[in-house]
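Below is one structure, written out as structure tokens; the observations come after it.
In this document, chain identifiers A, B, C and D correspond to the written order of the chains, with residue numbering beginning at 1 in each.
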Amino acid sequence: MFEKLKRTKVFRDPLYGYIQVDYKIISDLIDSKELQRLRRIRQLSGVAMVFQTAEHSRFTHSLGTYQMANLVLQNVDGMENLSEYEKVLFLIAALLHDIGHGPYSHAFESILDVSHEEMTVKQILSSDTEVNQILSIKEGLAEDVASIISHSGKYPLIESLISSQLDVDRMDYLSRDAYFTGAAYGHIDYFRILRSMIIIDNKVCVRASGVHSIESYLMSRYHMYFQVYYHPVARSYELLLESIYKRIKELIDNNINVDANIESLLNVINSSDDIKSYINLDDAYVNGFIKELTNSNDKILNRLSNSFMNRNLYSFVDLDDDPDLSFKDEIFKKYTKEELKYYYLESIVDGVAYSKFKKNDINDIKVLLPSGKIKSLDEYSPIIKSLRQSSYKKIERRFYFE
Amino acid sequence: MFEKLKRTKVFRDPLYGYIQVDYKIISDLIDSKELQRLRRIRQLSGVAMVFQTAEHSRFTHSLGTYQMANLVLQNVDGMENLSEYEKVLFLIAALLHDIGHGPYSHAFESILDVSHEEMTVKQILSSDTEVNQILSIKEGLAEDVASIISHSGKYPLIESLISSQLDVDRMDYLSRDAYFTGAAYGHIDYFRILRSMIIIDNKVCVRASGVHSIESYLMSRYHMYFQVYYHPVARSYELLLESIYKRIKELIDNNINVDANIESLLNVINSSDDIKSYINLDDAYVNGFIKELTNSNDKILNRLSNSFMNRNLYSFVDLDDDPDLSFKDEIFKKYTKEELKYYYLESIVDGVAYSKFKKNDINDIKVLLPSGKIKSLDEYSPIIKSLRQSSYKKIERRFYFE
Amino acid sequence: MFEKLKRTKVFRDPLYGYIQVDYKIISDLIDSKELQRLRRIRQLSGVAMVFQTAEHSRFTHSLGTYQMANLVLQNVDGMENLSEYEKVLFLIAALLHDIGHGPYSHAFESILDVSHEEMTVKQILSSDTEVNQILSIKEGLAEDVASIISHSGKYPLIESLISSQLDVDRMDYLSRDAYFTGAAYGHIDYFRILRSMIIIDNKVCVRASGVHSIESYLMSRYHMYFQVYYHPVARSYELLLESIYKRIKELIDNNINVDANIESLLNVINSSDDIKSYINLDDAYVNGFIKELTNSNDKILNRLSNSFMNRNLYSFVDLDDDPDLSFKDEIFKKYTKEELKYYYLESIVDGVAYSKFKKNDINDIKVLLPSGKIKSLDEYSPIIKSLRQSSYKKIERRFYFE
Amino acid sequence: MFEKLKRTKVFRDPLYGYIQVDYKIISDLIDSKELQRLRRIRQLSGVAMVFQTAEHSRFTHSLGTYQMANLVLQNVDGMENLSEYEKVLFLIAALLHDIGHGPYSHAFESILDVSHEEMTVKQILSSDTEVNQILSIKEGLAEDVASIISHSGKYPLIESLISSQLDVDRMDYLSRDAYFTGAAYGHIDYFRILRSMIIIDNKVCVRASGVHSIESYLMSRYHMYFQVYYHPVARSYELLLESIYKRIKELIDNNINVDANIESLLNVINSSDDIKSYINLDDAYVNGFIKELTNSNDKILNRLSNSFMNRNLYSFVDLDDDPDLSFKDEIFKKYTKEELKYYYLESIVDGVAYSKFKKNDINDIKVLLPSGKIKSLDEYSPIIKSLRQSSYKKIERRFYFE
């Protein structure tokens, strides 16, 4: 049905040894402009400011997610029942799931009105992209891939393997980010997880005997979030970038000229359908215009840009740590109200709690008992139950310029 | 104060790269008969029946515990305040803490009236041992080492570093057992733990910024207990051995001859002060007499021994898994009441819950906030709090001969 | 053709993650008495005296060799052409190849007139063994397995994969011994090697593009031999054991009673066909009778046994290191001629050079050029050529009691 | 003498666990603009086109080299004799040794008349740089650091530890590049190397007992060169960039306008003393102007740039592999003489042989025998001798556009 390569193509990868490509369409998609662009966007944006070796790109994660999908096909009981079309669909969705990411993604999304998932869908469906042209060899394929990314419900099993509590995306990035940061948590035993998974009634279940590997995986995730992704220095760097975007938008809304060449950025802000401009945006693009902005006439933009370039990040305190908050008075005296919008930020991270471990969500993982009965994971595992509760913990921080 | 070797002696070790010995007394103790005996006793007894590579000895763990003590001295803030005498005392206690272990330790303790800690103390203090002779170069040294093992309270800081929630013993064995079993859990980030530890008022504290590494360590411990140490196949093997001991004792109490050469064993049962016989006991000794017992005239002993030698272990069910318990009726018909004492066993593992995470105990770990205040760990970390509660979970199993 | 298990059986292994068993016959063979006996024989004998963590058994290596054969079947181009019978034959031969090993194998072979390969064949063919009974489910199977072990030429491809320059035995033990000793060499990139291998005309070739992985593998082997297997302390321990055997034989030849229970050993010395006695021999057996011999009335045997038990190994010098040889005069004065036969040994290790890298042998590895031509490895790789020459280097050592 | 930080600063690193900074001057240098610029220059340039995870920057290697210097100070016998000034000098030189690198360094040097070492020296000595300002706290310090980089002979021991056959630079990058590419070679046992090193008469020697670790290290180096650094795809990418530079230069020399904003580049070509422009050059800068050149009016530059951006790399053949060279005729017909200068390239890599293993150079490593005598490494080790000879092997390749 899908053409195979004459000889399996392999990519060396530190996590899996090798990433194997058998289908021509996968090989073509890897070579497409849209996927190659991900080489120029770092996976962890500001995290490299604190874990300096976290310099890996979204491209390597995309290949890794594809490989994890391969491993699911090879190791999970029940996946052998998928048709070849469904298998390749799964592999393609895994490979392409991140092409909609912009540079420094989280800050970037703060000024757009579309999510990166929507941008992924747009690129898959737009006839302007190489990805779309490659997919068009088979009628309906592009639409099916897009339907998986947008969770339309047409292929529920594949959708849940691409994005859920236990998906190929997370299984790759937790291990990968751990490897490249050097963090000791995050080494998940994915082979054991795969072996404990089983497809029942088109749904992903976990055998009771393998629940410990899931507990360990969720614990790793918890630690990676709090220790790496939400590290205050990384957050400070991202907030600085958000402030820059916010300021640019404010100037533009007031018809004030921004002293930098940001045409593609403005095009995208004006229309998220401008795929051509979108593809132009990468980490170097952002660094480039911020470098120009270091000479901006707008005092605030000038300060923010210089801070970004020279790593003069915001200072911060955690409210949990019983901090001395007297600095606030000083700051409120020192800066104008307009400046304070950019120079003093109240940040609450409770995202993990809510979006990552929220009640309905985690119940998605089903446990298969030896007797054949099925229980929800947090009914079965007291550890998970309490982990879910603890992760509701909010981290409240104050970031500010001294 | 203590003589140093002319050149540092090193032992290659897969976990630490090298284990370094600088003091002559440490080198002499390593060469002593009592420590060399630990080469002949496996660290994990029956676990090798299920994780076949878990063949490492208590000797390698003893060296590893010594090295972990070395790392504590080099990396933990506050340890620099110990005198040289205290430092060497700590190293010696770490090295010797396990010399009292018998072969297949847990089953073995079931027939003795003394614990392995008491046997360690006896060996340190008995003038019959090489260890005692080596320690006697310094007056009071043997007594001080013994006092640490028996928690007498003379050196409370060293005692807690040798045996508490967060001690050099556990930090070595969790990593080591994970390495040799190939279990994916148990890889603890000990360097980070050491860096987060700080001695305040002669007590071990953990900086708030390092609490995540402790959470991860306790989670690893939890997994190692339930996945490795309490694995039902390993337990089945140990219970079989316990039954053999129990039967031997019963026969002896009834003046029935046991058809094997078990003189040293009987000596030790009669008097735990018979150190010379005790040192004779190792894994090969146990395997040896059980091999002889496979020809025993006592029907029960005969069956148990043959089962042990040929790995015909007990079958088992977990009550948690909603098992079909009808097998019980059959078994109760099949065997005599006397036989059932050995062929049908009700086992409850709640040890972890109680002895490892019990409330007062875990509170031993103190957290140092940036403000200088000190909190208990489970007050500070909701994960730990819930982990402590979950670990109260009992595992109830039935083991039986079909 | 061969019955499959209902569910794949897995063994956790630190090197491969998991060892997978699909065939019932493999599972039965693993449970046989002859294979289980290998749990009681250490892979590296005296090496644990210098690399203390090298305590792994021949059993784990046997499982590993089996798994490596599995990986060859799954990854090497051309292996798909074997029949199912040949594939299972290969797996069985890999699993059983070491069952003929005695305890402390090299020293042991010094008193027997048969090699361990011959003992393996005898066990496979003897109707007294469980292994033979299991194999007899298929006529001719036992004979075919034996023919592979004894290199009869019936299945040349499988023979070369079981024992040649590049075989499943070596690929497992180099990695495994490196893992368990903690030696840094010996980490071979077996997946890359497997991918570069290709079967042409029933012979194993290596693609030119993969020659570097073979160079690296041979270099690892070279280092493991000189740094681990021939380590002077390990050698000293083995020579001590050889001396004990030699002395026992001398006493027996002179009808002098040896003061220990060594019935099984004598049976085997008298007839290598006494499989039942042979199977009784394991590490504990050897340690056991040497312990008894520490009280021997024969002065020489007494000294040798005590030295063995208390690790008072021979001293040694390497002639390469320009040593001071004046000790020899002293020693020759101190000991009688009879004693010197045991107390002063001249050892030359040139085994590697000759048997491992000998000219004809290494030429076995063939290189496949992109043009389709085939060259011998050392014609193609100058590194290998010189490695072969360097490995002819003899290590001359003198071992002696001071 | 040098101010210490109040609390040791640590950087997480996957290779060493942690990189530790104790001196304020080191911390300041890390924060300098010149070192931070290395975050924006990849260590391995085009290698990421074939090993996609090789995305790490020169910044992480610089920190790693500094840490390796730290490890040398802590572990190598004889280093304790250096004064504090010399120790810090060594650490600084290790940290700064690469600041002179431009983006895509090798291609870049092809159009400059100065080497990256000279550029490093210029930055250290120029009063325009932050690095120079930080060093000026101590008179003569900047000059001393520069003297080490330029091998002036003032501090011969430190010079050889910074750059020789066995230096902190190579020891870090071999391990680091292996880690980030996922290549299996290159895992060097640096701790063992450090322990075997000893300073005698102000020169680095290696104890005879440690020669195997050096053999292994040199073998790793050999493999990394041929398998990673000289990989034909990586070379093809670099040659493409060289062609672009060459074409730009040719156009400029002929006063033809280059259709891109390359002011800083031209400044540097005109004067390597223009440090300010130099610091502006990073990977994004190069990618930026090549993106502009994809619309160039010069047909050759247009093609080269588009090939670079879209990874249409040169095809290639190795003369060693007996290739069919008939393609040459076709190509010579297809392209003009001017085009052929850029579209058909003859490349000979014999660099390793000559510059890395050249006779006099390798003799720098001295071996200390137990007797106290000193030999040259290749006199002592036949492996090294032959490795040196084999590495003279030239790789001749033809790269071309089809």
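In this section, a contact is a pair of C-beta atoms (placed from the backbone, for glycine too) under 8 Å apart; a residue touches a chain by one contact, two chains touch by 3 or more.
Bear in mind that the values here come from a model prediction, so they are computed numbers and not experimental data.
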Chains in contact with chain B and also with chain D, listed by label, are A, C
Per mean C-alpha coordinates, the chain lying farthest from chain C is A
The chain pair with the larger count of contacting C-beta pairs, comparing A-C against A-D, is A-D
For the pair chain C and chain D, the C-alpha centroid-to-centroid distance in angstrom is 43
Chain centres from averaged Cα atoms put chain A and chain D apart, in whole Å, by 33
Chain A to chain C, mean C-alpha position gap in Å, rounds to 50
Contacts with two or more other chains occur in chain A at residues 17
In the complex, chain B touches chain C at residues 11-15, 17, 31, 33, 36, 39-40, 48, 51-53, 55-57, 59-60, 63, 179-183, 283-284, 287-288, 310-311
Touching chain C in the complex, chain A uses residues 10, 17-18, 191, 195
Within the complex, chain A is touched by chain B residues 184-185, 187-189, 192, 208, 212-213, 215-216, 219, 222-223, 226-227, 321-323, 369-371, 373, 381-383, 385-387, 389-390, 393
